[in-house]
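One chain, chain A, appears in both complexes that follow, with chain B as partner in the first and chain C in the second.
So, the complex of A and B:
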């Protein structure tokens, strides 16, 4: 691990710890409204000031970070599992099944990600409870983000299936089940892990875009996307530069994850908008 | 070459059929399908309501619905927008030129800057030469397209057309990283070492022996960039208030106008696919014959 990667890991650890310990850092809840402190500047009580409803910006930022940092990996896990099942099965079975799955993946990839996300999100109720909206948003990300990792997992599985040690194992009479569980799956684990990590910044950025468009997590639950909507008020941002904190934190987290992944395998290699 | 063209045509046709079927399914399953507010008109008699229901009944047959939807799509009838009360084809015709202009200029700008910086990085091989471009591209990759659009919107009075700039900034880091890796890989090939040993100038080595052999791979970036730019056009057009197709898709999502949204999605997918196919065909035509034979 390089020096830069160690720093990135330390920054991520501090941010994650702050998000998990939000209750200790600020006494306010993300939804608590102090009517006497509407749009207040930073103070001893409110380190990042308050928003136009009198809610503590720091509390909203920390709880929003918790939502994004916990649910983006959950969505990444879901998409990696779906990709592993579809891509792995296609690569392992080969032949017509593999060709059909590859065509399906190509078709899915030709649909622009954000357009598809909007179409499916619009199909579901928009006036849902905050918890339901957060679940729907990240479930959608997980369910729709499988195609790119599936393509890579399929290619990895095909390479392994045709590798010398598997051919030898097959020739030695090893059963299909044992071949799969003992020889194929452990060797595919690095690909699964890489796809899982690459998906995390992708989903964080997608949630931020959806939130800014008003199609993400519902109020009063905070998320990075919802918090970024405050930036649309340019004059308010100029007067209160601390409103940029969610954007700075988002860039820091995604940048650190990309540094950890290395330049060769960053989320930039997958279509992130 | 002919086989490749046929394969690409098959891919596009398949997308029309599968995308159309998926789109029709979404429209049919969407909330509000089959509901007609005219039925609430108290002036209508029972017979009139019955006639309205009979008229709508043909849509309830799923097989017929699919056939009509696909046939309409092929003939340029993309349906009717409920929220805007206008034909979808008319809306697309009105908004597409603006999106295509922003996308075209944005992609050209992003690709040019990305390629130029990648070439500079490879040419200037000093330690840390790629620090600034890598930092810039990393920063751009870490920002959602909507935030990039906001930044350019703020700078609008000084730079003009924020949409194009924002699209260029979304495209640039992807192009830069891919091009840099490709050019570095090519610059380490034995023929480049031989050219350097013969005493050719660095500029000539870079142009004739590094860039030209890597050009076909770099041409493939065109397809990827268009796909990326289309995806980014939604948040960028919404934030910048540009009345293009991206903004139309967002309005359709907010108004839950599924016929409009699904048609835009399939239409954009088709355009992306056509550009990707053209890039693939150009790539195949560019490759030397012996390379194709080896492939």
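So, the complex of A and C:
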């Protein structure tokens, strides 16, 4: 692990610790409205100032980090697993199965999922708690987000299946199971990991956009997506740069993850060799 | 030398006509240019600017004024109206305006085959409407049954030309439709035959044209205004207002409270898919009043509307000077008063929660339309206000069609936060809300018989004011309706948002009004740039 990667790991650890220890870092709850201090600048009481309802931005950021760092990776894992199963199987089997899956993926990508999401929201019981609502949102994102990664995994699998070392292994009489588990899967690991890590910020931003449809996190629970929506008011951002904190945190997390991903890819590369 | 060049440039500008075009945005394309078929806001803007009417409601004084009619008289208890018509008036195509045009317009308006939404206000009962000339310049119109606020209804009836039947471009208003490019703009040109003159004898309107750009995106509209590409933004939200105010303090206009409401109501429909105990809460007058009392409206005004709204006491805004029951005051938001009401209604606090007599924890959902940041913020405040009493409020934002489906068809909702826009000045325009049999009697629509004694009393009072031509008696009846609504809180009125707009300093003679269209209601007298060409 390089020095930068150690730093990245440390940063991620600090962010995770801060999210878990939010109650110790700030005395304010994420829902508490200090109505006399709306849109206040950073101060001793409110280190990152308050939002336009007088809520502590730091408390909302830390509790929102909990929500997003727990649920976005879970959704990314779900979509990557589905993509790996479908895309991997199509690439490995090839022929008719591959053509059918490719058509299915194209069809899936062309469908207007927005309407499904709207219908799901309309069907949900009205007294769904904010935690349940956000869990359902990320679950849906996970279930619907597999198609694009599946395409990449299918292509990666096909390349590997036709590669010299696998042709040689097949010619050498290696069984199909061993071929799959010992030679193919380890070499696909970097692709899986890349898709997993790429999906995390995508799902965080998708959740923010879904908030506009009423499907995201409902009040008063915070999430990075909900906090990023504040940045729509660009003139307020210019005047109150501390509003950028959720964006900075998101960039930091994604950047650190990319650095660590480099390690994983190197490990994957070594496995190929 | 520099001054001379500037003078030359100014003259060139005036000669090229730059300074005499007013530009503002419509949100959508007008659905029609037929003035009797207008339903949407964009078509209404075009009708207002192009149509000549017999009687005009002055948006500033809120009084009726003669326009194409110099005088009018309502008789037969609101069934008949007689107009004395203005002489020497010509349509935009040069043909003279006569009593036959009024008769033709009335026949068109009441023609069942046309399905005129404007005519609905005049359909007071079965039977035919009679319209006939009585001399060259007077017309009599008789309806089969009394029409409430009869004279005021003519503010929306643009007179058509009997000689140029079917030509929507032939008008009597200050402007005529010159050009329309769908999705881009509507260009209104000055009507050269418009009858009005200013105090100095100059022909109105002062403007040569009005360019109505079709622009749905509010941010782009604001950006174009800041660049000087637009002269007016007729409606601003408080956040945009404050943002613009910081940059261009002389360009923003707060015309004071509008007629619009932001309000909450509970589902009281008898067969709604709700647990029985919740139905009992929502039908309990004191529960609803306690909720109303517990919402801190001043905070909504200050935090959500940034001071650009007024706490509402009832269904009539303070902008509606005549019909407001000034004895009503908005609830104070007092925690003690609200808790006392909850206790009287049989609720008690235990730990962090509120419970009813049977031990059910008070938790309900409130829906609103998604994408409306003002509503989202309002709900966050209400959520915390109610949490003070131990009530758990679940906030749900739904897309608008789903919301409408729930509140008007399936009745699968508990409470809703909604905006009611553009109610009429006259209470007859609110009949469809307050009559228990009405479809828009939102908390319990289409009742076969009034569900409660107070709804029966409201029905009686609304019918009485509708039938009467005595304005003072109508006011007394509607005052009582407002009092009942405040006491029983079937709709919990929160705030009346202010009418906010932006006007370029180059636009002259602007007199902002709370009534729509707030900025351009006197479009025939607006000037852009101040270069006035003499027209007699």
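We take it that the second predicted complex is superposed on the first by the 167 of 273 C-alpha atoms of A that agree within 3 Å, B and C clash if a C-alpha of one lies under 4 Å from a C-alpha of the other, contacts with A are read in each partner's own complex, and residues count from 1 in each chain.
Definition applied: a residue touches a chain if its C-beta (ideal position, glycine included) is under 8 Å from a C-beta of that chain, and two chains touch if they have at least 3 such contacts.
The structure presented is a predicted model; accordingly, all values stated were derived computationally and were not measured.
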{"item": "Partner chain(s) touched by A:79 [first = chain B, second = chain C, both, neither]", "value": "neither"}
{"item": "Chain B or chain C, by number of chain A residues touched", "value": "B"}
{"item": "First, second, both or neither for A:157, with chain B first and chain C second", "value": "neither"}
{"item": "Which superposed partner A:54 touches (first chain B, second chain C, both, neither)", "value": "second"}
{"item": "First (chain B), second (chain C), both or neither touched by A:201", "value": "first"}
{"item": "Which superposed partner A:228 touches (first chain B, second chain C, both, neither)", "value": "first"}
{"item": "Which of chain B and chain C A:255 touches, first, second, both or neither", "value": "first"}
{"item": "Contacts of A:118 with chain B and chain C, given as first, second, both or neither", "value": "both"}
{"item": "Which of chain B and chain C A:240 touches, first, second, both or neither", "value": "neither"}
{"item": "First, second, both or neither for A:219, with chain B first and chain C second", "value": "second"}
{"item": "Contacts on chain A seen with chain B and repeated with chain C across the two complexes", "value": "118, 121-122, 126, 212-214"}
{"item": "Contact set on chain C toward chain A in their complex", "value": "239, 243, 246, 299, 303, 363-365, 367, 370-371, 376-377, 379-381, 383-384, 394-399, 402, 405, 412-414"}
{"item": "Residue ranges of chain A touching chain B (in the complex, touch as defined)", "value": "103, 106-107, 110-116, 118-123, 125-126, 201, 205-206, 208-209, 212-215, 225, 228, 231-232, 234, 247, 250-252, 254-255, 258-259, 263-264, 266-269, 271-273"}
{"item": "Sites on chain A touched by chain C in the complex", "value": "31, 33, 35, 38, 52-54, 118, 121-122, 126-130, 212-214, 218-220, 233, 235-236"}
{"item": "In the complex with chain A, residue positions of chain B that touch it", "value": "11, 14-15, 18-19, 26, 29-31, 134, 137-139, 141-147, 150, 153-154, 170, 173-174, 177-178, 181, 224, 227-228, 230-232, 234-235, 238-239, 249-250, 252-254, 256-258, 261-262, 264-265, 268-269, 272-273, 276"}
